[in-house]
Structure formats: C-alpha cells, structure tokens
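Two complexes, one shared chain (chain A), two partners (chain B, chain C).
What follows is the complex of A and B.
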C-alpha cells in the first residue's frame, strides 16, 4: 500500500503485477462471456416492446438472483464496516490507545478493497436488469428518476470521502488534522446511510408500492419512496450490515490468527477476532426486534404477503432462519466462553457451572424456536397426533413462543458478554454486593416477566400480543441491558485485576468458530433475501405490475436453498480473494522486504 | 471433564431419546421422528460445545475416542472392539443411507401448509355484519347446523363426524388456530372450502365443503362471528 510510505517502488511493482493479472482476468471473462450474451434472446411471443430477455439454460432469473445477492452482501459489508471502523478510531483517539487506531485502519483497508467490487457488481446488476427486464426497469426509471440522480451524487460524495479517509489516514494523525479525519469518517457514514436507503426505496416499492397518478415527477418519486416497508427495511438492513461487517471482520481475523507466525500476530488477530465477534453480537442483539417490526409492517400492509411469509409456503424458511440464528448465537457465545477459559488462566472451574446453565437455556430456547407449527410427519405419525399440529408441542410453533425464546436468548448472550467482561477481576467497591444483587434481581425478574408475557400471549387477542406484549418483552430486555451495562462499568472502574487477560492463546477451533459465524450470517442474509423477494410471488411490483415471464412462479424451497448455498460460497470466495489481494503487499513486506516482491 | 467424560454424554443422549420416544407419549401424542431427531441433535451439539470449551475438557472428551480409533497400544478385546467399530460404523451409515433413499410403500413425510395465503380478492375484507348479540346467536345457530357435526359443539374439532377425517377438523378453541387469523381469512376458507386451497395447502387433503354453494355471504359472516364467540377467541385485527 502506497500510503504506508515504505518501499513504494516494490509495492508499485507488486501493484502492477496484480493490475495486469486483473486486467487479464477481465479480458478473459469478457471473451468467455461474449458468446453467452450473444445467446440472450427475446422471450418467445414478444415482438414490439420487448418485456423480457433470457439466456437459455442458465435463465435470466438465476443470473439476476446471483448478481443481486452478491451485490447486496458486498454492499452490506461496505456500508456496515465504516460504522465500527469510525467508532474504533474515535475510541483510539479518546483513549490514546494506538491499537484501536490500527484496528480501525485495518477495517478500513478491508472496506477500501471491497468498495470497487461492490460498485462493479452494482453496475453488472444494473445492466442485467435493464437487459432482462426492460419493461419493469422503464417503469421503475419513470417513477424513480429523481432518486437515481440523488443516488449518483451520493455515490460520488461517498467515493471522494472514502479516498480522503483512507489515503489521508497517516497524514491526518495529529491535532486538528485528526479531528478533520474523524469528521471525514462521520461524513462517510452519513453518505453510506443514504446510499443504503435510496435503493432500499426501489426494492421496498416493489413489495409495498405507493403510486400516485398526479403530481410532478418529484412528488411521485417521493410518494413511492415513502412506502410502508421502507423504514422497517432501512433499520433492519442498517443493523444487519453491522452484524455482517462484524462477523466478516471476525472471520478475517480468525483466518489471520490461524495462519499467524509470530506471537505478536497471534495476539493482534486474537484481539481483532474478539472485537469482530463483539461487534457481530452487538448488532445481533437488537436485530430480531427490527426483524419483528419489519414482519409486522409487511403483515399489516398486506395479509396475503404476511401469511405467505409467516404461515404459507415460505414459512419453512423461518425454521431454517431459527436454525441459522441459533447457530450464530451458539457460535458467538462459544467464542466468548472459550475466551474466558483460554485467555484468563485458571478461570475454567469458576465459570463452568454458569456456562453450562447458559448453554442449557440457549439450547432449550433454540429447541422451541426451531419447532414448527405444522410438523413434518409421516401419515402414521400424523394420524397418531391427530393432524400435523402436536397437541402439546404445537404451542411452540407460534409467535408468542418464538418471541419469548428470542428475548431469552438475547438476555443469555448479553449475560455471557457481561461474564466475560467481569472475568479475572475482583470488585472492590463497598457497594459491590448490593449492585450485584440488584443486577441479579433485575435479570431474574426480567426473565420471569418475559416468560409470563409469552404464556399470557396465548390468551389475549392477537393485537394485544403484537402491540403490547411483544413490545413490552423487547423493552424489558433493553431495560436489562441499559441497567446492567453501566452498573458493571461502574463496578469495574474500581475493580482489582486478579488474572491478566492473555491474548493469543485461543485454540484453532476459536478461529474456525469465527469463520462459522460469518458463514452463518451470510447464509442468513441469502435466506432472508430470498424470502423478501419471493413474498411478492408472481408480481414484479406487488399488485401493480404482474410478472408475465416464464419465471412467474416461486422456485421450490430445495432449489432456492441450492442457490442460497451457491451465493454464500461465491461470496466467501470473492471476499477471500479481495482480502488476499488487499493483504498481499503487507505480507510481502512482513516477509523480509525483498526477495520475491 | 474428568473420567467418564464419554459415559455421561452417552447417557444423556440416550436418556433424552428414551424420554421423547417413550415417556412423553404416556402423557400426550407421540412425537414425529423429525422432532425427536431435532431435539437429540441439539443435545449432541450442546455436549460437543461444552466438552470443547477448554483444552483439558477437549482432551478428556476426544482423547479416548482418538486413542481408541487410532489403535495405539491396543490388544485383545480392545483391538477386536476397534475393528468391529471400523467395520460396523460404515455399514450402519450405508444402511441408514439406503433405508432413507430406497423406494418404499410408505408415503413420504408430509409437509402440508395448514394456513396458506388467501387469494387477493379476499384480502382486506371486513365483516359487514354488525357484531350484535342477535347476529352472534344467529351465527351460532348456523354453526350448529352446518359446522358442528365436524368442528364440534364445543368448537374443539371433535364433532361426531370428526373421527372419519384425516387430517381432523380444525380445533377453534386452540389459541394457535383462528385467533391467529383475520376474519376475511375464515370467510375465504368457509366460502371456497378445501378445493379452494392453494397447492401448498394440499386441497386434496381437506374435506371442507365449498359452502358458497349452500350459504349466502351474510350467513358465512355470521358463522364467523359465532365461531369466534363460541371458541372464546378474537380475530386478528390491526386496531
């Protein structure tokens, strides 16, 4: 990297090598892809005003599916990382701890290297959409043209800010320059946020359109943008991007940790993995709330769409979702627990019982979450049960139970973090006992109230459960977090460290756990991306423009799962390649500053 | 983990399986194999997680397995046991694979969607009949005449004709059935019956008559009011 100011010639030469490699790859892809594009043909029966084009054998829908998913995943990463990179930089600036600044820079390096690929996939997606769905794109272009202009301006601003932020890092380290750099980081996040919500309006318009017949172009675009699911999706994606970014950075750290050769590297990447996991968990805790709000808005917007998702043929996706979220919760907690037993010598025995209790609660909750309402059963089994609803366990299949266990899992994960935070320290404050009793009391009462509300939810009208009980459960969990976090921070301010935390001692499986978490969150996003898109069923724009192509059907869940897995695999490969390229120069430098270059 | 690290998990897994398979059905209906598999898999996951938290516990858990499978220093019965495992385990996997893929006269496990999405023309309808005691009573009367033979006088799906159906008629007093749905959904299901279901709802598996042939819309709306009142449930609303 040139901004390091060292070995510019060698690194430039490395860059040239990579550049020619990339250029060669692009030419190869263009040559290989040309005949394929030549196969693109108008859909049969279309003469004047082509509505669809297709590529035989592969299928236009599959191509758009893969490209759109890859673009969204990359975009999620690129928009999520600046948030915590900037926060890390602020922490480093406020505390004077250089390692935070170094970490922020490392996060930004990953961001910078992914940025161009994200834009590239955005461009490919646009060309594909215009080519395959000209009628739909003409309609969307007609409505959203003003926001297309806004989007282009935002993209220019974001790119310029990112260049300044990244290339100015070393130059803007001291005094007022650092303040300016932090302001650039702030601007980067502001532009990133708007870059996310503008295209969200196009996608959410397709699901919940607001079309006004009269008014200026601006008024029509404005009305279409403020559609019922726009803000729920904005909030959900914002949080999900942080989760995705955190876990991917964690996976990056995990892989670097596994391949680390020196003790210093091991320490750094162990710590980076911890931060990545923490960021992922931090986002994961409020994510179910945002998801619940989104689903509620969808259901309220249209009963048909709500039932298709939550009770209809897509409802099985939510069982898969429960499994993936469950693995994510288990994986994140596992990493925390391993952190306690490996980084804090001698703590294994002390924390064994609490860890076991937390694990049992998590598994019980996950068991409930994964229990479907309609069970998969043979004819004989269904006959014995009196249908596909089990008379006893069938009650686990509805939202009252799911919300309750989701909240309990969030509480357990939060307490897992608190336990990690307090491990190896001894509170010395005189009021420590009282504080700990209050914390225990708050946690216990909160858990009981969440369960009571969950059970009570079966005996009240649905609207009472949705509007009051579920909201109360969420508020209770938030209250616990907002009470226990500052109390713990206050307690630890005067605490005595009994055992120093030792970084770089985690076993290899900790690195694999970080990779697993990243894969789970990618799978989760591909799954829910499919759910969101498929809930429109045979409509391009729900209730406004019908899909009349040969693909106007929902693919079978098995087929969709195969595509999701393919997308996850391709994304992982893409990210691995980008990170490999991004760290090539650094590795060469660490390797002795010469030789092979 | 200390000695017996493998014994305790084995007992736990077997215990959970036996409880789900044999003990729980003493109090309620038997669980389908898919659910038992899910709960046992979760138990196994928990065991592996707990066993691999620290270096010591990992060694205590996996050490004996690794040593047994590697065959280091084994002789006599242990050696025979290892060979037996190495032969039997692949055979077991093969048998399991064969039995799960081989053609069978048993129908495949069912994956029916009980509440598929309603057609667009039924979305957003509201009950046009005022919710008065008279209308509710009229609805209950119609229910008694047309619905109760299957869905039961107590709205519990246990009418005199219910035993003849598989799947059985819906139990309206169960809080996970009509309480989750809007009135317009019930209107669609009653009016169009089983044949009106979408494919994922398996219309061929519902004996619900198409009541639009015999009842007016107004009567169907009254039945819906009567059903909710009789089952002590409230429809899903957004206000």
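What follows is the complex of A and C.
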C-alpha cells in the first residue's frame, strides 16, 4: 500500500525540479487512467445496472480514500487561508504595520495555485465516485441536484472574487479602495463558507439522512441538506480550517526559518511562525467544544452510531486522537515557551517555574486523556485485574475524566498565551494589581470548579453529566477566555515595554516544533475523517442505502493509520510543491538582485 | 506474513529512513521530510499497537424452516442475532457489567411478557421510563432504543421472534415462541397482537 507513495518519492529524488514534476505527472496519469481500468472490469452491455466498479490489487476504496482525503485537506487549506489572510490584512490595516499586509498578500498568492489544485482533485474525485459508485452517485444526484446548481454558482462567485482580491491587492491599498479590498476579502470568506457547507450537506446526509418521499425537488433537497449533523460539522470544519491554515503557515515559516541565510530572513520567518502558531492555537482552543457538540448531536440522532464511535470498534481511535491532540497542545505550548525564553532576553529565570508547572499539568492531563477505558491485557492479566478495567486507571478511562482534562489543557494553553503576551511588559495602570488579582481568581476558581464537576460527574446519571456538567465545564472555560482576554488587552494598552522582543533568535528546534504541529493537525483531520466515515459502518447512507460491495467493512486502525500517514505525507509534499512554485519568481528576483548588488 | 506485521515492517522502514536522512543529509528541506517521516512512522506504529478491530457487515442468519424443529433451535439463532446483526450487546449486557449503557437484560424474559418485549423492540417509544427507573407514572421520553424492525438494524419478524426466544431461554423461562410461527422470508408476516402492559 505504501508503495503507492514510495514510487513518486523515488523518482523525485533523481532530479530536482524536473523530478518532482515528472513524479507529479506520473501520479496524475496513473490516477486519471485508473477509471479506465475499472471500466475494463465490466463487459459491454453489463454496465447499465452496475452498482460498483473496482481496480484489482489497488482497490477502488483505497483510491477514493486517497483522492478524497487530499481534496478535503486542500479544501481545508484553501478555505482556511483566506480567513487567515483576511484577519492579517485587517490587523495590518488597523495597526498600520505593513508586515501584516505583506504576510496576508504572501498567503493570498498561494491561494491561486492551491485553489486550482483543489479543484483538480475535486474533479478527479467526482470522476472516481461516478466511476466506482454509480448507483450511490445516482441516488445522491437525484436528491441533491438543486444544491449542485447552487454549488456551481458559488464557485463562479468565489473565483471572480478571488481574482479581484488577489490581482487588485496593489491597486487597492489606499483610502476607500483599501476598505473595498477588505470587503472583497470578507466576500471571499462568505462564499468560501458556503462552498464548504454545501458539500458538507452531502457528506453529513450519508451519516444522518433525512429522506422525505413527498414534495418538490427543492423541498427534498432542503430536507436532506438540513440534516441533524450538518451544522455541527459546518462549525467544526470552519474552526478546523482556521487551525489548519494557521499551523500550515507556521510550518512554512518554520521551514523557511531553518533555511534562512540572512538575519532579516530569520527575523521575518520567526515572526511569521509566531503569527501562524498564534492563529492555530486561537482556533484550537474552541475546537474541542465544537467536537463535543458534534458528538452530542450524533448521540441524539442515533445512539448506536455514537456508541460505535466512542465505545464500539472505534473506541481506540479516540486514544490515538487524544495522543495527537496532546502532542499538538504540547507542541503549541512548547513553541510559546521557547518564544518567551529566547525572544525576550532575561526572562528565562522568571518564567522557568510557571513553565515547569504548566508542563507537568499538561503531561498529567495527557496521561489521563490517553488512558483507555478497557486495557489491552492478556487473559492472565485480566484475571489479576478482575476484568479488562484496571482498578485504578479504569477511573480515568471514562468521559467525565476526559472532559475534565481536556478543559484543563485548554486553560493551560490559554494561560501560556497570556503569559507570552504579558512577557517583557510592565503594567502601569493604577488598577493593574486589582485586575491581576481578578484574573488569577477567575482562573483558579474556574480550574477548581472544572475539577469538582469532573469528580461529581462519576456520581450522577450519564444524562445529567452530559446535559449539565459537561456543558457547564465548557461554559466556564469560555467564560475564562472571554474575561481574561479583554482584561489583559486593556491592561497592556498602557503597559510599558521593559524588554523588547528580539526576533530571529529561536533555536532550530522551534522550526521543527512548527512542522510537528502542522503534521499533527493534518493527521487529526485524516483520523477524524476515517471516524466519521466508519461510523456509518456498512451503509453508504445510514439506514437507507446499504454498502453491498466487497469493501462494506471498515478496516482496522493499523491499516487505516498507514493510509492516513500516506495521505498526510502526500498532502505535505503537495503543499510544499505549491509553496515552491509560488515563491519561485520571488527567489529568482532576490537572486538577480543579489547578483547585481 | 500477516498484514499487521507487514505494515509494522513498512512503518519501521519509514522511521529508519527518516533517521538516516537526519543523520546523513544536510539539506534543510530533506531533513524536514525525514523528520515528518519519523513522525508519521511513529504514528502508524502506535496505531498498529492498539487492538486491531475491523467492523464487518453483520452476517445474515439463514432461516431454513426445515431445520428449525424446536423452540431451542430458535433460541440458538436468537443468541447469534443478539450478538451480531441485532447489535443488542452494543448497549445491553446479560448480567451486571461496567460497560453496559442500557438496562441489564438478565432475567428479562421472566419480568416481561413476550408481547411487551416485542413491542419494546418494534415500538421503543411506547413505554420508556426516565433513567430506566420503573417507578412513578410513565413519561414520554425520547427513546434511545432504536426500532429493531427498521433500518439500520432491520431485523425480520423471524429474527425478532428468535431473539425473544433467546431472552426467554436465558431467563430460565419456558419459550413461548413456537417454530410454527416462523415463516418463509418471502411470505407476508402478520404483526403480533400487542397487549399493552399494565
């Protein structure tokens, strides 16, 4: 299976630019030709009523898996980057700092090439789906035809807005033209949002279908679109796209930082890495809440589906998810801490103890989050434990414990950010002492209440815990963020800078931390995509259209993880290629300039 | 070599290659690729270390009427359905269990009539008590119990009767379902009359 990815890599190593191009072309030709092989499986005249087609040895599902995953990741990137770029542009416009505008433009430039690549993979995916799953696609096409039309119109609008936004960047820099440009950025994001939620309705319909037999085509399509998991997935994906955009920006900055040759480059990419990590964390903090809402809706829709996910054959997947999220939290915090100790001279000693305390809390929380409900044990070990549940560790394997530590990890990460924000500054406001006491009090009380609710959760019926305690924990953490953030901003407005932040002094491991964070986010997206798809078990459309192909089973985690890793690797290479192509002209210009100089 | 072993060898190979790149190659981008390979390899190896459970489509129990001679034959089929296609064991246990999310079904055949069990399976909204407390007035509550005779589970009437036979048998009760009630799948099945529980 991994040979699929190994082959292009081997060819790529034979030459530099030409090798990558050749490998890309070969992959594309192989994929484009794949449906022809599939068609070859059906004798003429037999194709009319065919439900499935297959590619021997490789398997149609594996092909669709790879293409769909790459398309979704690219789409996440393409939809996340405009949000990221637009926020940066607004910050640049408001603060007058040109570097934000430059950063926004640098990333918008990537959009044009990545937009085309995403559309290309979308097209390939569509052909594959029609070729491999004609019956399913005919059914979905029948229900969703009106939304196909809407989707096409949205694409036209998005493309036109993107062209105006990108090509009009330099022409719309001053006065009211800048406001118009910002409005175009807003429109770009609005269309992008709708481009995301329309296909979301097709995917969520498969998991939680709403089928009405009567009514017009439009009424049927609307009922199917507004299915129980549509909005939870929309919100979850929107936030996740911001996270993906931020962390990929961070990874790009990390790689450029590692290979930077001048001090100016190091400063620029160090700062870019900080912005990327900040936006990634900014999105990461509310993401678990959106995930919780989605799972709640799944349980409400169909408890069996919820149990299949959380307590059935996919339960171990959530241990892997905990591991990935844990590494992501650690990586993000580690980057913040490195920022404090390297960019703000003299702060190493001052912040060593709080950093150590936060590290210990994070590791303990991660340990609890990763504790499985039932342990992998031999028969003898199980007998000694008195079952598959460990007498002590089993306590940490349940949702009450996991919700508690997830909230605590979010609180710690939030405090890391606040600490970084306040580092090197001295508050001068007369009410600073009171404000700091209030912030400390809010944080302390919130942490205690979160823990108390977590412990209390063991002694109340599940319905009370899920409906009241978990929701209360989430609201408390949100309250902390919504209280401390504006208070800190207000406090720092009049603060005096005691130590100037020095950019470009981060050690190389900071660059690798940024790359690690991006890989974790991509892996998480591939993992949860597999979970969402597998929760339908042997149904194309849950309870409506059964999967009767040879691939009706959901593969085990090991096999799935190998494919996820392959997809993550291919996506990273694709993004690297897009970045390389997009910055080629810039490098040539810099090289030419250098030669003249 | 099993699939898991093969994937482990590949995973180790990818990690090894990544380590070799970091040790011997100086080009920054290639080093980052090596680092990513190590991370992905470690992730795959971890995923291969947890229990490998695939989710297979449920096996269809064949109802060969000629082979069903006694009520015990039906209960034997019902037991298989209980743990497979019916997905009953996903939520219910037979006897106390830490992992059970729904009522323990041990002895249920002696507590409830056959008609009540049938109704619970096919009309789960009919009588549901909050938190399964069998006291006070019954309240209409959104049932978590799915309609067993409808998709996605979709047990046939024969299969439902077999599950009832199994529940009665494991409760030590006489099985009130008779093999004569089993019908050929093609035949139309008349609904069992439901007597409302008091």
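Everything below uses one rule, namely that the second predicted complex is superposed on the first by the 546 of 597 C-alpha atoms of A that agree within 3 Å, B and C clash if a C-alpha of one lies under 4 Å from a C-alpha of the other, contacts with A are read in each partner's own complex, and residues count from 1 in each chain.
To be clear about the criterion, a residue touches a chain if its C-beta (ideal position, glycine included) is under 8 Å from a C-beta of that chain, and two chains touch if they have at least 3 such contacts.
These numbers were taken from a predicted model, which means no experiment stands behind them.
Colleague: Here chain A is shared; do chain B and chain C fit on it together or clash?
Modeller: Overlaying the two complexes on chain A (C-alpha atoms) leaves chain C and chain B clashing.
Colleague: State whether A:559 touches chain B only (first), chain C only (second), both chains, or neither.
Modeller: A:559 contacts chain C only, not chain B.
Colleague: Who does A:523 touch here: chain B (first), chain C (second), both, or neither?
Modeller: A:523 contacts chain C only, not chain B.
Colleague: Once the structures are superposed on A, label A:342 by its partner contacts, choosing first (chain B), second (chain C), both or neither.
Modeller: first
Colleague: Regarding the shared-chain residue A:371, is it in contact with chain B (first), chain C (second), both, or neither?
Modeller: After superposing on A, A:371 lies in contact with chain B but is clear of chain C.
Colleague: Name the contact category of A:241: first (chain B only), second (chain C only), both, or neither.
Modeller: neither
Colleague: Would you sort A:569 into first (chain B), second (chain C), both or neither based on which partner it touches?
Modeller: After superposing on A, A:569 lies in contact with chain C but is clear of chain B.
Colleague: On the A-aligned overlay, A:259 touches which partner chain: chain B = first, chain C = second, or both, or neither?
Modeller: The answer is second: A:259 touches chain C but not chain B.
Colleague: Going by the contact rule set out at the top, does A:534 touch chain B (first), chain C (second), both, or neither?
Modeller: second
Colleague: Using the touch definition from the top, say if A:461 reaches chain B (first), chain C (second), both or neither.
Modeller: So A:461 meets both chain B and chain C here.
Colleague: Clash with chain C: which of chain B's stretches 9-17, 63-71, 117-125 or 153-161?
Modeller: 117-125
Colleague: So chain A touches chain B in one structure and chain C in the other; where do those two contact lists coincide?
Modeller: 302-304, 307-308, 311-313, 316, 373-374, 376, 387, 389, 394, 461-463, 537, 543
Colleague: Residue numbers of chain A touching chain C in their complex, please.
Modeller: Those residues of chain A that touch chain C are 1-2, 255, 258-259, 302-304, 307-308, 311-314, 316, 319-320, 323-324, 373-374, 376, 387, 389, 394, 461-463, 511-512, 515-516, 519, 523, 534, 537-539, 542-544, 547, 552-562, 564-565, 568-569, 572, 576.
Colleague: Over in the complex, which chain A residues touch chain B? Could you list them?
Modeller: My answer: residues 300, 302-305, 307-308, 311-313, 315-316, 330, 334, 337-338, 341-342, 348, 352, 355-356, 359-360, 363, 366-367, 370-371, 373-395, 397-398, 458-459, 461-463, 507, 509, 537, 543.
Colleague: Which residues, counting only chain B, touch chain A once they are in their complex?
Modeller: 24, 27-35, 38-39, 42-43, 45-46, 49-50, 52-58, 106-120, 123-124, 166-168, 174-176, 179-180, 182, 184-185, 198, 200, 234-239
Colleague: Under the touch definition given earlier, write down the residues of chain C that touch chain A in their complex.
Modeller: The touching residues are 3-4, 7, 10-11, 14, 28-29, 31-32, 35-37, 39-41, 43-44, 46-48, 50-58, 87, 90-91, 98-99, 101, 131, 144, 146, 150-153.
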